[in-house]
Amino acid sequence: MTRIDRYLGAATGALVLAGLAAAVSAPPDRLQGELQRLMYVHVPAAWLAYLSFGLTLVGSVAWLRSRQERWDRLAASSAEVGVFFTGLAIALGAIWGKPVWGVWWTWDPRLVTTAVLLFVYLGYLALRRATVDATRRARNSALFGVVGFVQVPVVHFSVLWWRSLHQPPTVLRPGDPTIDHVMLAALVVNVVAFSAVFTVFLRMRMRLARDEAELAAATEAPGRPVAGSAVTAPAAQVAAVTRQMDQREG
Amino acid sequence: MSRAVGAGEQVRALVGLQLALERRTGEALLVVAPFGAVALLLLPMAVGTDVPLLRQVGPGFYWLVVLLFGVMLTVRHSAEDGPGPRALLAQCGVDPVARALARVVADAVLLLAFQLLLAPVAVALYDPRIPGWPALLLVLPLVAVGLAALGALAGAVSAGVPGRAVLGPLLVVPLAVPLLLGATQVIEAAKYARAPWPWLVLMGLAGLLALLATVLTARALEEAG
Amino acid sequence: MPEPLHALTGRASRPAQGPVAVVESVRVDIAGTPVLRGLDLRLEAGEVVGLLGPNGSGKSTLLRMLAGLIPPAGGRCRVLGADISADGAAGRAARAAVRTSVTLIGHQPALYPQLELGENLRLVARLTGRDETDATAALESVGLAAATHRRADQCSHGMLRRADLARALLTEPHLLLLDEAHAGLDRDSVHLVQVLTEAVRSRSGACVLVSHERDRLRPMVDRAVELVDGAVVPASVSVP
């Protein structure tokens, strides 16, 4: 663990505590009451879903340009952490939606697009898992990562046309936000806290990916400079096997 | 002596070859079409065999089956995926882009045939009312091309991967949402006397993007494989 | 942006003189593991070179690299005047151009298993801009006239090897690469190989024949080299 990691960990812990305090102490919603406090976890999770898939796009494009492994690790790790936060955002949204809208799920464009995004990146991760060769895995998943990301706005656009029920954007719109200023501050603290958690997760996952690659390289070719040295003279092997068998019997 | 062969001629030769092989073996259409027809038969058993209900949801069932089973058709392991054919095409100087285009065209033809085979089955089983049916003359080829392009792309990135037959559909289906919505909403639009054009444009855009992605990635993926 | 289609379908033309292939300190990786490293090789016009080496020494990889099927990861390699080791689109275009002037006959026949032998050869003729009657003639000259209508997956290994030789007759390469030159070939077929290599030689091309049988290789080649651990060493095949 480096010094940066220690500072980052401590800062993240403090931010999460601050976020929790802000979420609990913010005033309840006039209409939804206490239920609305779910916003302080749902909105940051959804923000991270989009951020992580954006990072996957950045990593994919950068890998295609530079062929450096760290970009592939960024793309893969970000997609994995992103799938977690997307799932979390959808689950929290459903828990929030049931008492407020009366249903777990509505056919709202933002919801449907987020769900499609989840499946696109589940496919991305499945493709990575199924491809054995590292270079090929990096290239194919980078291409799919880019194409998948480019298609998502078209998906969103089509669902938007199809149906629109969700409330219009409340925070990101010109002019004074319609949200109460104390609530907005609590939301911002939570978004920052979640982003810090995300950064910690992402760094851990990328380090794990690097270790995995090193382990694979070490077990694949221990002191073996060229592929051909995998084949050695059969006589030696036969002798070794015979010796082992002799020892076992003896 | 030899003369230079244009990419157009190579595409024509490969499309002709793939369709001839399919005519000979019927391994894609003769398997997937009956499977799709069975699905059309089973769906009402799951939701209830109520004639007015089926009349209403029938077109949706039809497009869903076209999408889900059509994907199987496009990501199948086809003749030119084997090592022998790959070596032959590479050594004959067939451009990967020409190969990808030939695959999209041949699969689009097969998908169109698949849709045309399933359509009378859906009509017979569900007796749907289809106002504005002439628009379908555009919808059918748009779905075929869009799905073929997405399938070719998924097939290319998952070439040589074990379990490709199950991985391919997972890669394609989420991205095929605009095709499904477009196809179903053209009929809905006609019901409420609205213009089908926006939906047709949307499907065209989705298909075009998939086709562009397939063509632009073809060369990079060729040497990876 | 990729190049226009027609730019890649043109053939690499044989330079008037000079070597057919020059390989300098080439490295080739397969799945991240180096298979060839620091490999040097020069193929002169009109030369038939034997290639020896133990299993896994990189012989097939070298042939695939020379045929423009896999890119080198380092070093320089020119085949028929085209720099196939160049980076990016230029290298891809060079390799694509080289593929049409080089014929590689590998372990696995380059044929559609579902197509008849005649259909396979006619497809090759059509894709490379040759007359389809030449395809039939090529099959006849390798003694497969009677098997024209047999599907490739119904043919024996030896027949498929011969059909692949017919492909090399049809495509008239300037560089012929023959992997396992003696595997699955009877005496007549070995004679066929000699006819083919003479034809390439007369076009000022070059041939590389891979074999494990030094004695059978000796009369067929001008010189031989050996691959050990992904690099070339002079081989002990003495040629008169």
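Residue numbering begins at 1 within each chain, and the chains themselves are lettered A, B and C in the order written.
Simple rule for what comes next: a contact is a pair of C-beta atoms (placed from the backbone, for glycine too) under 8 Å apart; a residue touches a chain by one contact, two chains touch by 3 or more.
Nothing here was measured: the structure is a model prediction, and the numbers come from that model.
Participant: Can the chain contact pattern be summarised as a line, a ring, a star, a complete graph, or none of these (other)?
Facilitator: Graph shape, chains as nodes and touching pairs as edges: complete.
Participant: Higher C-beta contact count, B-C or A-C?
Facilitator: Of B-C and A-C, it is B-C that has more C-beta pairs in contact.
Participant: Find the geometric centre of each of subunit A and subunit B from their Cα atoms only, then give the gap between the two centres in Å, rounded to an integer.
Facilitator: Here subunit A and subunit B have centroids separated by 31 Å.
Participant: Rounded to a whole Å, what is the gap between the Cα centroids of subunit B and subunit C?
Facilitator: Computed value for the inter-centroid distance: 37 Å.
Participant: Please work out the Cα centroid separation of subunit A and subunit C, and write it as a whole number of Å.
Facilitator: 46
Participant: Do you know which subunit A residues sit against two or more other chains?
Facilitator: 135-136
Participant: Looking at the complex, which residues from subunit B come into contact with subunit C?
Facilitator: Those residues of subunit B that touch subunit C are 1-7, 9-10, 13, 17, 21, 24-25, 79-80, 82-85, 87-95, 97-98, 216, 219, 223.
Participant: If you look only at subunit C, which of its residues touch subunit B in the complex?
Facilitator: Going through subunit C, the ones touching subunit B are 2, 5-6, 8-11, 67, 69-71, 92, 95-97, 99-100, 102-104, 106, 108-115, 120, 123-124, 126-130, 152, 167, 171-172.
Participant: Contact residues on subunit A for subunit B in the complex?
Facilitator: Subunit A residues touching subunit B: 64, 112, 116, 119-120, 122-123, 126-127, 130-131, 135-136, 139-141, 143-144, 147-148, 150-151, 154-155, 157-159, 161-162.
Participant: Residue numbers of subunit C touching subunit A in their complex, please.
Facilitator: Where subunit C meets subunit A, its residues are 30-37, 54-58, 229-230.
Participant: Quick check: in the complex, which residue numbers of subunit A touch subunit C?
Facilitator: 132-136, 217, 220-221, 224-231
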